[in-house]
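Shared chain: chain A. Partners: chain B in the first complex, chain C in the second.
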Partner chain A sequence: MSGVLRISSALAWRNLWRNRRRTAIMLAAISVGAWAMIFLTALTQGMVNEMIRDGLSVLPGHVQVHHPDYRDDPSIANLIPVADGELEDRFDAAGFQDWSTRIRVPAVISSERETRGVTLLGIDPARERNFTFVDLETLDGRFLDGTEDRGIVIGRKLADTLETRTGKRVVVMSQDPDNELADRGFRVIGVYRANLPSYEEQFVLIGKRTAQQFLNVDDRVTEAIAIGDDFREVEPVLQEVRALMHGDPVTVNAWWDLDTYLGAMLPMMDGFVLVWVIVIFLALSFGLVNTLVMSVFERVREIGVMLALGMRPSAIRWQIVVESMLLLVFGLVIGNTLSFASTYAIRDGIDVSIVAEGMEMMGASARLVPDLTVDNVVLANVVVLVLGFFASLSPAWRASRYDPIEAITTVQ
Partner chain B sequence: MTAVRCVDLSKTYRQGDQEIRALDHVSIDIDAGDFVCLSAPSGGGKTTLLNAIGGLDRPDSGEIYIAGERIDTLSKAELAELRLHRIGFVFQAYNLIPVLTARENVEFVMQVQGVGPAERRRQAEQILEEVGLEGMGERRPAEMSGGQQQRVAVARAIVSKPALVLADEPTANLDSTTSDELIDLFTRLNRHHGTTFIIATHDRRVMGYARRLVKMLDGRIVDDIRQHAA
Partner chain C sequence: MTLRLAWRNLWRQPRRTLLTVGAMVFSNVLLIFLISMQVGMYGLMIDNGLKFSTGHLQVQAPTYIDEPKMRLTVPAAAALARELRGIDGLEASARGVAFALAASDERTYGVSVVGVEPLHEPSVSSLPGLINAGRYLEEDDAAEIVVGAVLAKNLKLTVGDELTLLGSGLDGSFAAAVVTVAGIFESSIPDLDRGFSAIPLGFFQETFFMGDAGHLVVVTAGSIEQVEEAAVEVGERLPDGVVLHDWDALEPALRQSIQADLGSSFFLYFVLVVLVAFGVLNTQLMSVLERTREFGIVLALGLAPGRVGRLVLAESALMGLLGMALGALFGGLIVSYLSINGFTYPGMEEMSAQFNLPASIHPRVTLVSLFAGPLMVLVFAVLASIWPALRLRRLEPVVAMRAAV
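The block that comes next holds the complex of A and B.
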């Protein structure tokens, strides 16, 4: 660094501590602003993640394979035209983090008192145990033992509606591929709880093989799913599943195609974070510019002396910009530390069950777990530094434009 | 050799509806190594002339030469370079930078000039010793008396060995003893370094030390006297 930049930077540093109270207030404002940007973004990000994960847990998976007509008509007539055994072999060889094949069809369930429309899932419980929306720890009764289990697992809310419970019998009705009525009695072996109560009303689970027999579809399923490491990085999984199903008349979709509401969440969240960060910065920038203007105003004479002694206006501008950057960097360090500490303190989530209904309307659960992402932290810091740099240009420019004679004779 | 040449300088200010003629066709030659006092009552034009010579102000008309180079046509950046390398300033109100120590204030000009840290420090300590402030280099201006601050300002003005030092009312805020010490310092530096001093003042003691006394009134030079310094 040249001598003039060094002395300008040294002056910026010392001037920062000239009015300690003002600097402390500004630092506090920047710190709280940075904390709000990062911590509240982490909470919102956590909520969105939860909404997406919950959504994916019933969707389920990151990538799905269907018959081309299944999405328009999700009935048993639109089966994947590849035998389930063949599908299982292909997916097993691909080495996905998780995968499964299943039957998912609309059905009607009746107890002796009530009848309700539901979605019937015929699953392999051994495969789906890792990513099911069913809370296995709070399950009343037992989960499915295998694909040939003859029992049914229903949600708590549905059980209440049907006025049934574990051990009682219900009747499930649907259609077979020939549009003939298929119905069968099942004993309720388990009543589950889920993050979102609406799932408890909608989904009932039986063994996959039992479902195939019940619906008369032999060794066929309606969907195959694959799950990768991260719901944000689905493209490799998508490409691999497409390769697995190459030549078969099926559609392969990522989760954001299958649930456009959930799919819109990610870009919406990114946009929200940017707007949020900029709005907070705009509020901060008034304080920052005011602080710099006051700081310049208080040392007009010194600036005049420096100009008179031969310092170039550009060095004066550097001095003010460095002062602003130092304030911002210190504020960001404190703000980042506070936000990391806050996030760590509630790393297991906070209970927002008091607003559970509202959260459920958005598809979020009653537990808010913050998600501090590198991207959002970098975004907040970069926005503050870049916009802070531009905000400091005006006072810096003003300081460098002083007439030395007028500045030196200024009474302060 | 001529250190400063002013040819037919005029400068007019407006103050409200009033037009003030600060310089009225002023011409003067000042030799290198001279010790000149500009004396005038307030508003007589001495500070305006000093500022014009120092490249801080531009005349409305006329020409200014420093060591033979015309400066009234230079750009702001060129004038800044000129002030940085060839002119030292001493102001009435000391005008030290309060967040820097005495030594750092003295080093300031050298640092802007790009002199290395070790050389800067050596020269600053040497000049502080020369102006009688040995051991006070780490004090901030607020911790020093007015006389000490003015000595630091003088040290800052001469440390980079400019050919010309311009001082505007340097004793105005000092008591008589400190004023005498400061003028004594000026004359010593003038003799030892051959630096040209132009001092704007209406302090009669300062005038007594000058080898040349230029009297101004209403923006004009009314008397130009060679005298034996005290």
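The block that comes next holds the complex of A and C.
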């Protein structure tokens, strides 16, 4: 049997090159299709990753702990009912890649010129250095140097609006847990830039201890966060944080609960990749089936002779299927090579800053860096091969069902 | 004659023709669907992006657009709005914009406070129509406020409660007022519901020491197409010291996100069309090769080579037209159905909320959305068969007649 298969396969290979032009055109079509599948997928994947990373950088943290009412009412009154020192001990012992506890409350900031609403973050700068959205490289002035730092770090856009700069004073107003107005003057020690300009308007940072004193909350915080290795695989971290907080009246959420827009991105992305791959394949499949049908049709007499000489119909079927698979495999090889080459060529990203504000509306930054993932490449190739196999069954079946005598006498 | 021959030639190999036309119909239907969805979505994005507060045009102080600061005012804003309302077909309303700390009994939040003309705001903004508790503002100098639903919840406010506003006035001095909640609106746009409030313009000017000045005069025309014309008319009546911006300048993100989306969709469309073109190229090349002998005979009988070439092009064009007709038929049916019933998919609600869109999209059926895609396919199909057609010009009748098939 294996001998027959080998002969059929050899025949299939040679048949491909009997009509070089047709094979070349089909190869070109498959290559372009495979390239388009993988390349566009890589670009989209890159954009989605960037959006999620940027989005997570302000959340931040893959898993967060809050007072049960905090998410509906993000006020200082809804503190985590566990002392910060205790939280820190628990998280420190758990060995997350990164973790932090912080205060996040709405506040109002005023310079002598202007007043704006902002989100006030009281952080431990030593902990957050690794994952903050603040670009420490381009920071003007200095970053907070400890939880008791008395200065404030604000964004560039906010600094412009407030007409203030490092060294000048601003007043921050918020409320304490008893709804008494809390206000305090801070010296601007740093002006930061962020990947997304809207962050520069929204977030101001002070030391955590300073925030606790300012807001009159002793040793308490509004959120505790933990970060794992990969934002796609958060489940273990989630379980661990749940275990840490077991028995305390708090809610523990993964990032996709906290930002439903970002949370919808990943499944959307996977859906998009599959739909896109299938659409391209369908457009290709018409050409593929057409090519196979034609090549069978041209060879009716020849197939009749083979059948008359005793070749089994199954061997004929095999031959056609192998022909189609060979076409697909070669097309895929070229297509994959092309897409590797083109993603490599733009590995540093393409600049889409002409539509920067539109990209920001979607939550993406102005630089598009492709991300070629193994999953997506495998998906595209497997879909093409599997569906290609099924698409070639009908012409193959037809070829094997010829009556030898009729086939031999067919006039072409 | 060429057409009739071409038509008959197509049906000599019905399966091949059908497969090629099938590929065309498939991509045509897909293109029609996608393009109609886009046209529908962009229209919605623009309308929804502008209707809540931006309007079509705004009169502002020259640098206000870059730095929206308290002291960059439009003098006599309400009077200017009144004058602009005199232009046929235009609506206008003046606004003042400030930032304040809003304190209720239990909570304090920073909010943006907009002074509006209660009588005219409803004609330039859809927010007054979205009040779901209480009522909209009525008197121009009443100490009343309408707030967003999330803000009301965060401040633990209901209609009739009092709220203290603290901010700074035009001259930088301390400004404060106590207002009564007249109504609560729900726009389902997080930013608005969470941080937006409106008080009457007269009261605003009093509280923030604005005199008769405002920060914006918002103008809307009948539709987005009439904006350009309206801009010219408004421009003629502007006093010195203020400028006019259209929605494109006010909301650059809107046009840019449309452009970013168009860019990626064009890539997608182009790939589809190219794949179909490859299919046509293959079909036509094969059918030309098959007929080498036949072409040799007609050439020997004296038919001009150009006509044979035209025959091949006509065959492709016929296939393209057939694909276009069937594609437009099926695509049109699908899209018309969806334009009535709407289209949605899982996860779309979250995505749509980001762009202020409803959770289902009603594609728009227009001539452009129906025929742009199929026309592209037709053009590429004809282009793809130029090569096979040109090969015929080099055909030697005698050699061709002897050719083995």
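Note that in this section the second predicted complex is superposed on the first by the 409 of 412 C-alpha atoms of A that agree within 3 Å, B and C clash if a C-alpha of one lies under 4 Å from a C-alpha of the other, contacts with A are read in each partner's own complex, and residues count from 1 in each chain.
Note that contacts are C-beta pairs under 8 Å (C-beta built on N, C-alpha and C of every residue); 3 or more make two chains touch, one makes a residue touch a chain.
Being a predicted model, the structure only gives us computed values, none of them experimental.
Taken together through their common chain A, the two structures put chain B and chain C side by side without a clash.
Contacts of A:386 after superposition: neither chain B nor chain C is touched.
When the two structures are aligned on the shared chain, A:378 is found in touch with neither chain B nor chain C. In the superposition on chain A, no contact is made by A:350 with either chain B or chain C.
Touch criterion not met for A:341: it reaches neither chain B nor chain C. Residue contacts after overlaying the shared chain place A:6 against chain B, while chain C stays out of touching range.
Looking at the superposition, the partner that touches the larger set of chain A residues, chain B or chain C, turns out to be C. After overlaying the two complexes on the shared chain, residue contacts for A:261 are found with chain C alone; chain B is out of touch. Our summary of the superposed model lists a minimum C-alpha distance of 12 Å between chain B and chain C.
Taken together, the two complexes place no residue of chain A in contact with both chain B and chain C. Listed in rising order, the residues of chain A touching chain C in the complex are 21-22, 25-26, 28-29, 32-33, 36, 40, 43-44, 72-75, 77, 106-108, 110, 112-118, 160-161, 163, 173-175, 179, 181, 260-261, 263-264, 267-268, 271, 276, 279-280, 282-284, 286-287, 289-291, 293-294, 297, 352, 354-363, 412. Residues 2-4, 6-7, 11, 14-15, 18, 301-302, 305-313, 315, 404-405, 408 of chain A are the ones touching chain B in the complex.
Those residues of chain C whose C-beta lies close enough to touch chain A in the complex are 13, 15-16, 19-20, 22-23, 26-27, 30, 67-70, 99-101, 103, 105-112, 153-154, 167-168, 172, 195, 252-261, 263-264, 267-268, 271-272, 274-276, 278-279, 281-283, 285-286, 289, 345-347, 350-351, 353-355, 405.
Residue ranges of chain B in contact with chain A, taken from their complex: 51, 54, 56-57, 76-77, 80-85, 89, 91, 93, 95, 97-100, 108-115, 156.
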